[in-house]
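The chains carry the letters A, B, C, D, E and F, assigned in the order they are written, with residues numbered from 1 in each.
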Amino acid sequence: MKDTNMQQAYTQKISKAIDELTHEQSYNCVCHTRMRDIPMPSIDRLREIVNLCREIIFPGYFGNTPVRAESIQFYIGVNVERLVELLNKEIFAGLCFTHAPGSLDEIAAEKEQAMRTTVDFVAALPELRRLLKGDAEAIYNGDPAAPNTGEVIFAYPAIRAIGNYRIAHLLYKMNVPLIPRVITEMAHSETGIDIHPRAEIGENFAIDHGTGVVIGATSIIGNNVKIYQGVTLGAKSFPSDENGNPIKGIPRHPIIEDNVVIYAQATILGRITIGANSVIGGNVWITEDIPADSKIVQRA
Amino acid sequence: MKDTNMQQAYTQKISKAIDELTHEQSYNCVCHTRMRDIPMPSIDRLREIVNLCREIIFPGYFGNTPVRAESIQFYIGVNVERLVELLNKEIFAGLCFTHAPGSLDEIAAEKEQAMRTTVDFVAALPELRRLLKGDAEAIYNGDPAAPNTGEVIFAYPAIRAIGNYRIAHLLYKMNVPLIPRVITEMAHSETGIDIHPRAEIGENFAIDHGTGVVIGATSIIGNNVKIYQGVTLGAKSFPSDENGNPIKGIPRHPIIEDNVVIYAQATILGRITIGANSVIGGNVWITEDIPADSKIVQRA
Amino acid sequence: MKDTNMQQAYTQKISKAIDELTHEQSYNCVCHTRMRDIPMPSIDRLREIVNLCREIIFPGYFGNTPVRAESIQFYIGVNVERLVELLNKEIFAGLCFTHAPGSLDEIAAEKEQAMRTTVDFVAALPELRRLLKGDAEAIYNGDPAAPNTGEVIFAYPAIRAIGNYRIAHLLYKMNVPLIPRVITEMAHSETGIDIHPRAEIGENFAIDHGTGVVIGATSIIGNNVKIYQGVTLGAKSFPSDENGNPIKGIPRHPIIEDNVVIYAQATILGRITIGANSVIGGNVWITEDIPADSKIVQRA
Amino acid sequence: MKDTNMQQAYTQKISKAIDELTHEQSYNCVCHTRMRDIPMPSIDRLREIVNLCREIIFPGYFGNTPVRAESIQFYIGVNVERLVELLNKEIFAGLCFTHAPGSLDEIAAEKEQAMRTTVDFVAALPELRRLLKGDAEAIYNGDPAAPNTGEVIFAYPAIRAIGNYRIAHLLYKMNVPLIPRVITEMAHSETGIDIHPRAEIGENFAIDHGTGVVIGATSIIGNNVKIYQGVTLGAKSFPSDENGNPIKGIPRHPIIEDNVVIYAQATILGRITIGANSVIGGNVWITEDIPADSKIVQRA
Amino acid sequence: MKDTNMQQAYTQKISKAIDELTHEQSYNCVCHTRMRDIPMPSIDRLREIVNLCREIIFPGYFGNTPVRAESIQFYIGVNVERLVELLNKEIFAGLCFTHAPGSLDEIAAEKEQAMRTTVDFVAALPELRRLLKGDAEAIYNGDPAAPNTGEVIFAYPAIRAIGNYRIAHLLYKMNVPLIPRVITEMAHSETGIDIHPRAEIGENFAIDHGTGVVIGATSIIGNNVKIYQGVTLGAKSFPSDENGNPIKGIPRHPIIEDNVVIYAQATILGRITIGANSVIGGNVWITEDIPADSKIVQRA
Amino acid sequence: MKDTNMQQAYTQKISKAIDELTHEQSYNCVCHTRMRDIPMPSIDRLREIVNLCREIIFPGYFGNTPVRAESIQFYIGVNVERLVELLNKEIFAGLCFTHAPGSLDEIAAEKEQAMRTTVDFVAALPELRRLLKGDAEAIYNGDPAAPNTGEVIFAYPAIRAIGNYRIAHLLYKMNVPLIPRVITEMAHSETGIDIHPRAEIGENFAIDHGTGVVIGATSIIGNNVKIYQGVTLGAKSFPSDENGNPIKGIPRHPIIEDNVVIYAQATILGRITIGANSVIGGNVWITEDIPADSKIVQRA
């Protein structure tokens, strides 16, 4: 204004940037287009979905619902109805994100698949609660500083990370794309615990502290396993195809058998097996099978 | 609709899930009930409490309060009043969460305890400010990349984690249940720094980067200590009682004396003592006492 | 009330705390004052700024904007206009935070600088998109579990951390104070990845999992580098000046040349060089130069 | 700043105003004080209370609750629970607003009264629904432009004004102070229809258009009455006591018997009776009894 | 609690009320059910729709959009895109509200109708702007207190009421049910001006003050008409069918020809004609035709 | 999609509408442009300003501020500080809306004027409180249904309408454009009471019910006046200039002297005088001077 030329120069620079950013060769490959009426997956809705699952599974802890024996059915009923509405929409959005429907018939088919999957997910909620009850107890039993299971459910990051994983894993097994990963990444962001939704994890799973834990996509974990912060269950190396790209989908992460404990910062790499009842000490680096009942410690 | 039978099948599946989820044997142990009028601890209110403490302690940095000499008293006054209101409610909620009152007299007693504790907390705010001022300066002095203390206060995760810890520790010492842990877990989620509210930490405490730091419940840290990302002050093993459960409450984490520096990813386990003025190098694994003035480094 | 004396005692204790907290010697050094009309940097606005950049760079993925060929220009135009408005304000706030203007002329000068910098930033957005496109592809190619680039852009923490870094680095190079650090700390909080805005990072940069990654202020990273969770590019020790304070600003972090891969939890310290095409194994501890084409692994 | 003296003058003027505003003789009579823990009535909560009543009475119309036969009980249950919580709090706040409790016993008594009243209100909800169903039908039948009762319930201001009145009247009869008036004023603000909560109104009451309708505190209205916009049922004059102040509480508004229709802008003043089945034309001014079956029109 | 019996009595009373409210004979006729996936009209979304229309028609006045010549197309483009999305959804919801679809084919047909209507509405926006420009000028010219058209557009209730009417009338003519009435009732609530969406109103229409204005469903108003607060264009009486119900849909409101002025509180009833260029004085009551160029005043 | 041609037709129609709406001849006269950095008046901020004034004037009634003797200064201080910030911005926005500044010097001058006016407004707050205290008492004394002044302050529309008017009138007298009208229109919308900010109103002013009241721009009202719903103080006719446009700014509304009462729906038009102590009955129509101590009633 002081200098109108400068103002004009600013306006021109900005207009030029807008022009460049709207050239197809610029936005090509980093732009996601969709038809009217096809929804985009929504982080906010997915967050609400996870919160609804937590309210349904652990009634009275979250969502300001003053649960009493005579009212619990109302809260569960309303929350399940809302969950159906939101999850149906997000699964449909996830399907369309990965495979954009090209005809009305495809849209109808993906809608039908979304609804069927949603209902199957809801049907699995009682089992999900049973599993998470076991996890909460395992976390409580394994932590001398935990005063009661209520505090574990209400405040511990591990139960949140495992909860998101179990929800995501269920959806993953029902062939829902994208959504499972978003759900585990939410927990990753909140807790620093990174569990791939494809990993298979048994009952009574406990994590302590948890920041930095990584559990890779093809990991298999048995029952009653406990791990500490910074533990990596990772891949050692990736076989590449003829083009030098990593081959996707082959087993490449560890198998952890029942009753194993893995202490902080331990790194376990490759499709190896840690035998049942073993104890893996902190900071160790393991790339080969460990027989059952072993006790591995770092040389101090 | 296309297939009304299918719609009915969906509705039946959903209704069945709701029925199962409202069976007492299903929600037993994972349900938190409370009487009308007894509040549940609220993450949102606790977040506001922490933010109010930060605004009171570091006036003008947070909460959009344009502090000037002639107006600072207004902002502090209003913020303290609001803090009293919220903290009183949350402490009461925390007491009821852990010990559900069974009579009007018990409710009155817990209300009285909440108010007394709230006032004592407020009375300790000037001392809290003095401590955090020391921490901010220690962080600034120890970080060559820090341009000024203002930036440390406004933007550094360490000051947030230590602030939440000092608030939580104060409440812990006043026998407030649950709430302290929720407050340190908030910082844990935001910063990746996990300090148990029971830990005792001296003056001028500095953390750099911080992600992955774990400071266990019975740790004791002296003055002028500095630690880096990924450092664990943990427990080596837990003595179990006759039932195989860990015995709760016994000292099991390290004592770090004055002026110690601990570099990234170091793991220090068990009720051992790191003597004053020692330097512990990165990635080392320590499970035994270290005398004062030591310098421990990993064999590269 | 039951005991009016007690009520009065409470009120007095609270009033006393307020008095102490408003003594100048108490709030001195931890109080940030500013004139009317001079804005404070706002975390919320900076979050919106980062989100706007993401919407502009990756159209259609974020912000619920149903981008189509005929409408993309509208969304980009509106988002750029909003970005100019917000960024201009935040840069001005950042300048005033670090150097409080003392006269109307200084205010005008800082306003002018803010606007000029804002426009330059906008002009650099097309290049920013080109760089982040390369990063997204590098992340996709390096992760066998990634189904497509869309999922990387929408859900992977690495792209968020690198995106915030690239925005912050651009502002850092334009001499904007404070704001760059706040932007990288946002990503640090969300992802556990801590990249200093001053670090220099080449094209096609990939991070996997990421929690615990630390990249120090004077690090220099070449093209096509990939690092895993827990990797530290840190400083070994800080030369102190005659007063015992660390000397600020000197190069003290590693140089990582092109095509290097660094596996999980590796710690690389000091102004050393990791030669091109090297592979650094997990959990290793490196404080000296590594020649090109090396392969360093931990002794298992 | 340009002129520091001016800045100082501004600051002094502002400080002087604050001082004056905090003198007791200034705020005396226009200040409402209350003890810690005694809530203030909340317009926002009262709005939510009215909305909850509407959702309970007309299920599926408001609040985004997709009611179906198998789920209606969940929504009603949750809404009633929430209503109990909020209404209990607001009735207690209303009692304390009008009669500030001076002892713990008085607080307990007002809390008990609030809870008892709340429960009685909830018990009357089915009757409230029956009455409003009659009103909705009367409005529908009387309006040639109304396509169906659903549109009346969802969109007509009259049903909102009558609903708020019926809620408020119920609370008024239960001796709740302040709250009833706030509830009718909400409807007054939204619809321009001003019905005093003390007025008595029979079944199947219809209002058309409604803006400007005033129904005074001691009005009595029979069944099947219909009135149009701008109708006043007011007081003619107020007998004053020896001090010249109006005597409060005596009957001073009209009695409207069954099946009366009153057209737009008619003004009916004083404790007179409009006999059953009468039709009162628009813009007329009536201050004396009208026998049953009369037809009064303005001389055009 | 003091008295557990009382607590139980409360719980029973509440449970009984819930039971009664969920009996079908209670909620019958006042309950709106809908299938999953069929949306309910949303007041919030309709409010956003009206606001979007206002932003599009009067660029730069509303919605915080800093319009400039080089950016106006971006804002209009984004707002129109958003309008299409929302209006499409609301029209579909309105169609389903009035005629619940019973099959997938009906759903598809109503969706198609909604989209077609939405596009036609958008195509009419330029004409809508032309009409409202004329109204704004008429209001400005007729009000000696109006300083400029900008203030009329930004702050006058009349332009808001007429704007909502013109939007609603357009939708009414396109056979959209329910939605038009909700949109005019919004304006009725905000301004006290009640214009039925079916009324036909010519160009350059002005209202002054406006509270209490009622314009009935079959009114016809010419060009350059101006009316003041409290004016009613109403029906005199409703012919009833054999069942005593008013016959819906027949013309029963006045015709106001070009250039007529009607002063405050005038009441004009029945299908009569007020001839062109007439002036109708305040508070008059008219039920018969008035020839052109008349001047009717109340006998004072 | 079913019919791609139809989709294309839709897209073309929408694009055509956008094109037309962005033609300059279309948006000309209804578009408000402004420079970067020049704010637009904000309804939301003006609403907050009015609420702040109400909180400052009537401490403890609004804004959830639990005022007590020892804390009242904090709340008033913070609210005044916030008021200064917001009002300064809105006055500046109002100045720029009406007279767009064309140079940096003009911007600086309007900023200076905004700040000076803001400070003068704050200095007048104590007097504003004194006036509104008188109004609240007058309303209480005149309404037999009012139980106490507290309820008048908290819940009566009249005090809200008069409050907004007194705030607006103060700003009007300080030559602030636009903003005063927006503030009185807020009250108009909420209460149906339309008082022009230019009107002059004495002390102890009372309105009962209020919907439909209109008080024109050049009205002058003495002390202790009371008016009822639907009363119009209007203009009789507007002298036109040679172009047929009404001449703006000349006195054209009534003068109401002290102690006058005007009952419902009375219409008083033109620059006439209603003499002191007169009583004007409901529904009367007055266009000539009324001597003092008159009693005018409608012929029933």
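Things worth noting here:
Simple rule for what comes next: a contact is a pair of C-beta atoms (placed from the backbone, for glycine too) under 8 Å apart; a residue touches a chain by one contact, two chains touch by 3 or more.
Small disclaimer: the values here were computed from a predicted structure and weren't measured.
Set against the C-alpha centre of subunit F, every other chain centre is closer than that of A.
Under half of the residue numbers at the interface between copies subunit D and subunit F are found on both sides, making the touching surfaces mostly different. Repeating the B-F interface with over half of its contact pairs identical by residue number, the matching pair from B-D, C-E or A-E is C-E. The chain pair with the larger count of C-beta pairs in contact, out of A-B and C-F, is A-B.
Between the Cα centres of subunit A and subunit C there is a gap of 25 Å. With centres set at the average Cα position, the gap from subunit A to subunit D is 50 Å. Subunit B and subunit E have CA centres that are 54 Å apart.
Contacts with at least two other chains are made by residues 35-36, 66, 73, 76-77, 84-85, 192, 211-212, 230, 265, 283 of subunit E. Looking at the complex, you find that subunit E touches subunit A at residues 11, 15, 36-37, 70, 84-85, 88. Listing the residues of subunit D that touch subunit E in their complex gives 56-61, 64, 66-69, 72-73, 76-77, 80, 84, 115-116, 119-120, 122-123, 125-126, 129-130, 132-133, 136-137, 141-151, 153-157, 190-192, 209, 211-212, 228-230, 264-265, 282-283, 298, 300. For subunit C in complex with subunit E, the touching residues are 66, 71, 73-78, 81, 85. Considering their complex, residues 10, 13-14, 16-18, 20-22, 24, 26-27, 29-36, 40-42, 97-98, 177-178, 181-182, 185, 188-189, 192, 194, 196, 198, 211-212, 214, 216-217, 230, 232, 234-235, 238, 245-250, 252, 265, 267, 269, 283, 285-288 of subunit F touch subunit E.
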